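One chain, chain A, links the two complexes that follow: it is found with chain B in the first and with chain C in the second.
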Partner chain A sequence: MNIISLYLVDILLVISLLSLAWASLTTADARRSVILFMAFGLVLALVWARLLAPDVALAEAAIGAGLSGALLLAAIGEQPGSSINVNTDHSEDVQDSNRSVVVTWTITGLCAALAIILAWTLLQTFDNVNNKATAQAVSENLTDSGVSNPVTAVLLNFRAYDTLLELAVLLSAVLGIFSLGGIRSPYQLAGPVFDGLARWLVPVLMLTAGYLLWVGAHAPGGAFQAGATLAAAAVVLRLAGHHNIGLPQGKSLHIIMTIGVGLFLLVGLSMLALGRSFLDYPPALAGTLILVIETAAMISIAATLVLAFLGGRPQMQKHKPC
Partner chain B sequence: MIDLFSSIFMLSGIIFFLAGSIGLLRLPDLYSRLHALTKADNLGLGLLLVGLALHMQQPLFALKLLLIWLAVLAAGSASAHLIAQHARRQEADQ
Partner chain C sequence: MLTAQWLYGISACLILALGLRATLLHTSLLRRIIAINIMGTGVFMMLVIIAYRGPDAVPDPVPHALVLTGIVVAVSATALALALLRRLNTEKADD
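Let's look at the complex of A and B:
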C-alpha cells in the first residue's frame, strides 16, 4: 500500500513537471511563462527530494526557482511592452513571426539533440561505471575528508577541483555582467506591508544562510545554497526599494567577488608548498580548511548572484553612502 | 489514538486546500480569488502541519513545522496584499 501511494506521488510529480514545462514554453505572455517556470523549479526541487538528493533539491529551490525567477522577472520588467502583445505593424509582424518560428524550431531541435546525447552518455555511464564502487570509496574515505556529509566531502575535498572551476565560471560571469554597464534603476520604496515583511525576512534569510553554510559539514547544505539564500536577502531589500543593499563599491567589491576563487587557490597552492599535491588537505586540518573555503565561496556566490540581479556594475558614488 | 487525531487534522486541512483551489478556479474576480486562496490555504496548511507534528519523534521537528507555517503565513498574506494593491492601482489608472 505504502509503495503504491509513493508511486502515485511520483507519477503525479512527473506529470505536473512535464505539464508545467510545456505550459511555460508554450505560453505567449512572457510574465506568465516565467511564473510557470518558477513553479516548474519548485516541483523539480520536490522531484530531487524524492530522488533522495536533498542537496540538489535545496540548490534547485533557491537558485533554479527563486533567484532565476527574480532575474527573469527583472529582465521582463526592463523590456518595454513585453507583457502586452504589440501587433500594430502587420507587415513586419509576418516576417518577424516567420523568423521566430525558424528560431524556435532550431532551438527545439538543438535542445532535443542535446537531450538525446546526454541521455545516451548517462546510459553509457550507468553501464560502464561501477556506481557502488564510487559510493563505497567515498564512504570509506569520509573520515579523512574533514566533514561527515558525503556531498560536501566530494564537492570540497575529493573533487575540489570541479568546485574551484565552478567558482571561476561564476567569476567570469561577473565580468560579463560588468560589461553590460550600470545597474538597473532602483525600485520605488515599498509600502508598509512589504517593508515590514522585508524587515522581518532579511535577518531570517541571513541567519538561514549562516545555518546552511555551517550545517553543510554534516547535513545537506553548503556554500551554493547559503550564497543563494544570502543573495535572496539582498533581492528582497532591493525589491523593497533600498538603494544600498550591502554590496560595497570599488576595491572592496572586487575583493568580495574574487575571494572565493582566491582563497580556494591560495589553500590549494599552499598544499603544494607543504609538499602535498594540489588541494590535498591534511586530514587533521581538512574540516577547518573546508569551512574557510566555503565561507569565502558563499560570499563570492552571493555577490555574483546579486550583481546578476542588479544587471551591471554598481557606479562609484562620489559621496560616501551612510 | 494519535493516528486518529492526526488523520482528522490532515483531512480537514486537505478540505480547506480543496475549497481554496475550487475558489481560485471558480470565483469571478481577482480579489475574491485572492481571498479564497490565501485564507483557505493558510488555515489548511496549519491543520496539515498540526497533523504532521503529532507524528514527529522530537519536539524540535514540530517546532520546525511551526516555523514553516509562520513563514508561509507572512509571505502569503504580504504577497496577497501586494497583488491586490497592484490591481487596485491599475484600476485607478484606467
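Let's look at the complex of A and C:
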C-alpha cells in the first residue's frame, strides 16, 4: 500500500474512533451509549489490524465489540424503568445534572492535563532504543517455545504466569456473579427467521472456534479468540430462546468452569516433578502441552463468558426429574 | 518517529482522558462502567502503539499478549460490575 493511502486510513480511523468514543460517553440515552460503544469496539478492531496486531483485533471483535455489548444490552434491559423511559429527561442518565459548573470544568481541566502529560511521556518512549529488547528475546527463543505464532508463545510459554492468573481472575469473576444473583429470565422462543439463522450460525461459530484454537499455534488466533467465539454461539442460542444453552448442571458445570486454571496448574506443577521450574515446558513437548492447555482454557473462557451473560447459575429444566 | 506513532499515541491519551472524565462526571453506574471500558481501551492502544515498529517491520509480540490478557480481564471485570449493579437495583426495588 502506498504511503498516502495509509495516512488517509490512519486519519479516518482516528477520527471515527474519537468521535464514537465522544458520542458514546456524552449521549443522554444509555441504550444509545451501549450501541455506540459496540461500534467503537468494531472500529477499534480495525485499528488493531492496521497496527499489525491481528491477534488483538480478533479478540477485540469477538469480546470488545460482541460480548461486552451483549452483556451491557442485557443489563440495560433490566435497568429500572428502562422499557418506558428511554428519553433524555430521566434525571439519572443526564450527565452534569445537579453538579456545579466549577466541578465539571475542574475535572475536565485535570483530565486534559493528564492527557497532555501522558502524551508527552509516551512520545518520549518511542525514541528509546531499549524497548526493542523484549521483541528480540522473543524472536531468539521462538524455536524452543513449541509454536510459531510469537503472541501465542508469549501467552502460553514465556509469560504463562499471566495467562494462568488471568484464568484465575475469570474463575473468581464467575464465582462473584454466582453469589450476587440468579439466572436472568429466558428470552421468548425465536420466530422462524431467527431460529433458522441460529441453526446455521451456531455450527459455523463452533467450527470457527475450533479453527481459531488450532491455527493459534502458527497464525493469529488462540484460546481467547476461540473461547469468545464459542461463547458467542451460546449467546445466539440463548437469544433464540433456549434455556440452558447446553450447559450442564452441578459437578460437570464446576469441572467446565475450573478445567482451564486446573489443567494449567497441573501441567505447571508436573514440570516441577520432572525437575524443571514451574511452567517451564521441555521444548520437545511444548507444542502438545500448549494445545492441551489452550483447549482447556478455551472451554473455561467460553463457560465464564456465557455464565456472565446468563447472570447466574443455570437452573434445572422444569420437565426433567431432578 | 513515525507519523502513525504520534497520531495513534495522542489518540490513545485522548481516549483515556475522555473516559476518565466521563467516569468521574456520570451519575449513572451503567454509564460509568462503559466509561471505564473506554478508558481501558486508551491504555491498550498505548501498549499496541509502543509495540508498533512501522508498516513493514514485525511488531513486538509482548505488548500484544498483554493487551489480549487485558481485554479478557476487562470483560470479566465488566461482567462482575454489571452483576453488582443488577443486585444493587434489586435491593433498591425491594426497599
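By our rule, the second predicted complex is superposed on the first by the 267 of 322 C-alpha atoms of A that agree within 3 Å, B and C clash if a C-alpha of one lies under 4 Å from a C-alpha of the other, contacts with A are read in each partner's own complex, and residues count from 1 in each chain.
The rule is short, and it goes like this: contacts are C-beta pairs under 8 Å (C-beta built on N, C-alpha and C of every residue); 3 or more make two chains touch, one makes a residue touch a chain.
Since the structure is predicted, the reported quantities are computational estimates derived from the model, not experimental observations.
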Which superposed partner A:Ala115 touches (first chain B, second chain C, both, neither): second
First (chain B), second (chain C), both or neither touched by A:Ala219: neither
Touching partner for A:Trp200 - first (chain B), second (chain C), both, neither: first
Partner, of chain C and chain B, that touches more residues belonging to chain A: C
Contacts of A:Gly191 with chain B and chain C, given as first, second, both or neither: first
Partner chain in contact with A:Leu46 - chain B first, chain C second, else both or neither: neither
Interfacial residue positions of chain A with respect to chain C in the complex: 1, 6-7, 10-11, 14, 17-18, 21-22, 24-26, 30, 33-34, 37, 40, 44, 47-48, 51-53, 55-56, 59-60, 63-64, 67-68, 71-72, 75-76, 78-80, 92-99, 104, 107-108, 111-112, 114-116, 118-119, 122-123, 125-127, 131-132, 134-135, 138-139, 150-151, 153-155, 158-159, 162-163, 166, 169-170, 173-174, 176-177, 180-181, 222, 224, 301, 304-305, 308, 311
Touch list for chain A against partner chain B, complex: 191, 193-194, 196-197, 200-201, 204
Contact set on chain C toward chain A in their complex: 1-22, 24-28, 30-31, 33-35, 37-38, 41, 44-46, 48-53, 55, 58-62, 64-69, 71-73, 75-80, 82-87, 89-90, 92-93
In the complex with chain A, residue positions of chain B that touch it: 71, 74-75, 78, 81-82, 85
